[in-house]
Every structure is written in structure tokens, then in C-alpha cells.
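As written, the chain order gives the labels A, B, C and D, with residue 1 at the start of each chain.
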Amino acid sequence: MSNSIEVNGKELATDEEGYLENLADWEPGVANVMAEIDDCELTDNHWEVINFLREYYEEYQIAPAVRVLTKAIGKKLGKEYGNGKYLYELYPYGPAKQACKYAGLPKPTGCV
Amino acid sequence: MSTLNIINKSPFEKRTLDQCLSRISKDDAVILIEDAVVVAMSGTSYDSQLKTATADKKLYVLTPDLEARGLADRSLLDGLTAVDYKGFVALVTEHDRVHSWL
Amino acid sequence: MEEEYSGGVEKKFIYINRRVPHGTAYAIESLETVLIGAAFDQDVSMLFIDDGVFQLKKDQNTESIEFKNFSKAYRALEMYDVEKLYVETESLQERGLSADDLLVGVEMIDRARVNELIDQQDVVLSF
Amino acid sequence: MKISILVNEGPYQHQASDSAYQFALAALESGHEVPRVFFYHDGVNNGTNLTTPPQDDRHIQKRWSALAQEKGVDLVLCVAACQRRGMVDEGERDRNKKDATNVADGFRISGLGQLIEAGIESDRLVTFGD
């Protein structure tokens, strides 16, 4: 029944959708392994988002809303990147779901 | 513009009623429901404080909750009006907003 | 209201917080509502009175009780365009606190003015 | 007038859910609309179909469900509160790989946005809780 991924020789428990059970298990290798499973190669642009999410979560203890994320990315990388289209191209399964998963943030509740 | 304030706690246990009364204006109203109805009768230690409040504000009490607590036949504090659920609904519509002091 | 909210109805919402955090879930659930509600582009205010002022107390450390330290999220409210945070002066004073004890910038408001603030609102959510 | 309701407490422990129900009934009888009742915090427990109160007690869940079926009141359970408290509909069962559901007829699970929307679209929002 239990799910897990293997990262640098360590077995890390995940839930059925692939989110880490224990957020403290996160290390950069986690994102790479998860992306591999999704057939996705992580570029620097992907990492920008992952790092932003981790810093944001560390500071505020919440995952940012997508519009807060887009605004922040736009501020960081330039206006042309500050839109949902850019984020969805990077994370076709949805920035909230997929990027949060790679970044080791809690699974969004599906609120709104 | 006026607010209907809902109080549902006994003032003998919680300070909610005091906290509400210290902030609302004379155009506002208060309805006592659930356990808050225990302060609606005359002769409690809240008597004088509530009389001061009813001097310029409208106070109501929900009859079904009063009945359930065996207090329906006691004389209500002067200036306090008893309403049923339909009366409660009417109060909600007559005021601009409702604030439940939970 | 005839219009749909998507049609641009903007109402004034006030979230009134009157409880100490952690003993009950009201503080965090109020905050979650505000954060979700921010997506609706309404005019949002948060008011902290009575024990609610403790929600904004600096230096909360919830590690030992194994709770999430959601107090940090109040500092994110600005990014959600929730900029109107009011704290009642008397509530702070009664509890031996001052504005310096708070983890975020707020507007102090006297008890006598609380009613004025509530009187401007369309919807009151109290937790 | 459109009057929506917020219920923050579960059944039986506190009078809040009963008060909300009596209020909703009176509002409908007075000719008002009750477009939505939103259940938050422990209030989501009002929507479980697994309760079996004794026959001489009121059946809080069935009463709410009847209100939904007979009067078209939209009963919404907050998804985040449901996930914490084990309220599961088919969507949540599949999404979180649980093996059962317990959301009663007439109730649906959705987000907090439904509460905000009720606040925007209704003329009044009345809260019942502890």
C-alpha cells in the first residue's frame, strides 16, 4: 500500500499522488527524482520557481497563491515571465500542484 | 446604518456580552440566543448594566431558547423584547449586517 | 445584489478576531479564509480585539506543541492585497502589550472607533 | 431577501447547528431565500451520514439533508476542514485514495471560496458557532 521514491539511496515515503509524507525529507535530489517520474527535465527556470516556493514557505509557512507566485516571479525575472502562461509551460500539471510537490511543500487542499 | 449583534454565551461564564456592549452604538441591536438568554430576566446581577444598555439600544431575547431553559414565565428585564425565530429573521433583515460574537 | 461577483461586485468584508491562537482553530481558520477570500478582489479588513490581539504577538514558537507556526503568514497578507489590519488599543493595553509586541505593522484604533469601522462594512465574519 | 448561513460547530455538542437550522426554516417560512449554508470548522461533521442518534432525539443530518432536497438549499462543507476531520465524498475518496465515503445526500464538499461567494451574493450572512 505504501508509496515511496528513492533519492540518493534513501527510501522516502510519499502519498498516492507522490507528495512527500515527511516534508523534512526534502533535498534537491527529491525534485529531480519526482521530475524524472513525470518525464520532465528540470531547467534553471524550474529551479527558480522551486527555490522561490521553498523560501516563501520557510518565511511565511504557507504556499503562495498562484497569483502571488506569478507576481513574484515577474518581479524577479522580468515582466514577460510574470504570467500564468509561463508558469504553466514550466509546470503543465499546474504550478500549485506540481511545483509545490517538487519543492516539498504540502499538497494544496484544493480550496477556492 | 446599524448592526444586529448576536450573543450566545452566558455572561456569568464568558465576557462576550460585556465586550459587545462596550463597543456598539445606540443604533445597534443585540439579540440573546442559546445560553445568553439566562441574563434576560430582571433580578440578576446584570440588571443595572443591562438597564443602562436598554436605555438607548434595542435588546431582544429568543423565546424558544428561554422556554427551553425554564425561564419563559419569569418577568423580563424592562426594555427587553422577546422574539421567536421569525422575529429573529425579521431583525436580521432590518439591520444592515449581522455580527455574531462567538 | 443583482450582479454576479465576477461582474465586479465589491463588498466590504471585515474579519473580526477575538481569540487567543492555538487553544482553538479559529485563528488559523480565519486566516485561511482571508487568504482564500483575497482571490475574490473584495475590500478586506481584519480587526483584532479582545484576546484576538495575541494572534499577532511576535515570537510565537509552536515547535514544542507540534503546531504549525501560522503566525508568520500574517506578514504575507500584504502580498494578497490585504493591507487593512486594525488592532484595538485598549485590548492590547489590558493584556500588557503594546504595538511593539506585534509581528506586523497595523493601524491602532480606539475602542470608541471600533463601531465606526464595523458600520462601514457589508459582511462581518467573526471567528 | 437572500440570507446565507455559516455553521461553525458540529452536531449535538453545541446548539449552533440546531439554531442555524431553526433560523433557516424560519427564514424560508418568512418568504426569504436561503441560497447556501456553509459548514466550516467542526461544522463539517453535520454532513456525515454515519450517525445513528437514538430515535427519541432529533436527527440533525437528516434534517439538513431534507432542507436541501425540499427547499433547494445548497449545503457546502469546507474541503480543508473535511480533510482534517475525515469527511469524504467520492471526489475526495478518489483524490486521496480512501476506501469509503460519508457525505450525506444534499451536502457537497467545496472550497472556502463558496463562503466568500455567499457573502458577496447574499444580502445577509449569519454565523452560528461557539
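We take it that contacts are C-beta pairs under 8 Å (C-beta built on N, C-alpha and C of every residue); 3 or more make two chains touch, one makes a residue touch a chain.
For clarity, every value in this text was computed on a predicted model and none was experimentally measured.
Judged by contacting C-beta pairs, the busier of the interfaces C-D and B-C is C-D. Ranking all chains by how far their C-alpha centres lie from the centre of chain A, first place goes to B. Taking each chain's centre as the mean of its C-alpha atoms, chain A lies 51 Å from chain B. In whole angstrom, the spacing between the mean C-alpha positions of chain B and chain C is 26.
Work out the mean CA point of chain A and of chain C, and you get 29 Å between them.
Among the residues of chain C, those touching two or more other chains are numbered 26, 32, 36, 39, 122-124, 126-127. Shown for chain D are the residues in touch with two or more other chains, namely 8, 80, 111-113, 123, 125, 127.
For chain A, residues touching at least two other chains, in rising order: 111-112.
Residues 16, 18, 26, 49-50, 111, 114-115, 118-124, 126-127 of chain C touch chain B in their complex. Per the touch definition, chain C reaches chain D in the complex via residues 1, 4-5, 9, 11, 13, 25-26, 29, 32-33, 36-37, 39-40, 42, 122-127. The touching residues of chain D, counted against chain B in their complex, run 1, 3, 8, 15-16, 19, 22-23, 25-27, 29-30, 32, 123-130.
Chain A contributes residues 15-17, 109-112 to its touches with chain D in the complex.
On the side of chain D, the complex with chain A involves touching residues 79-80, 83, 95-97, 111-113.
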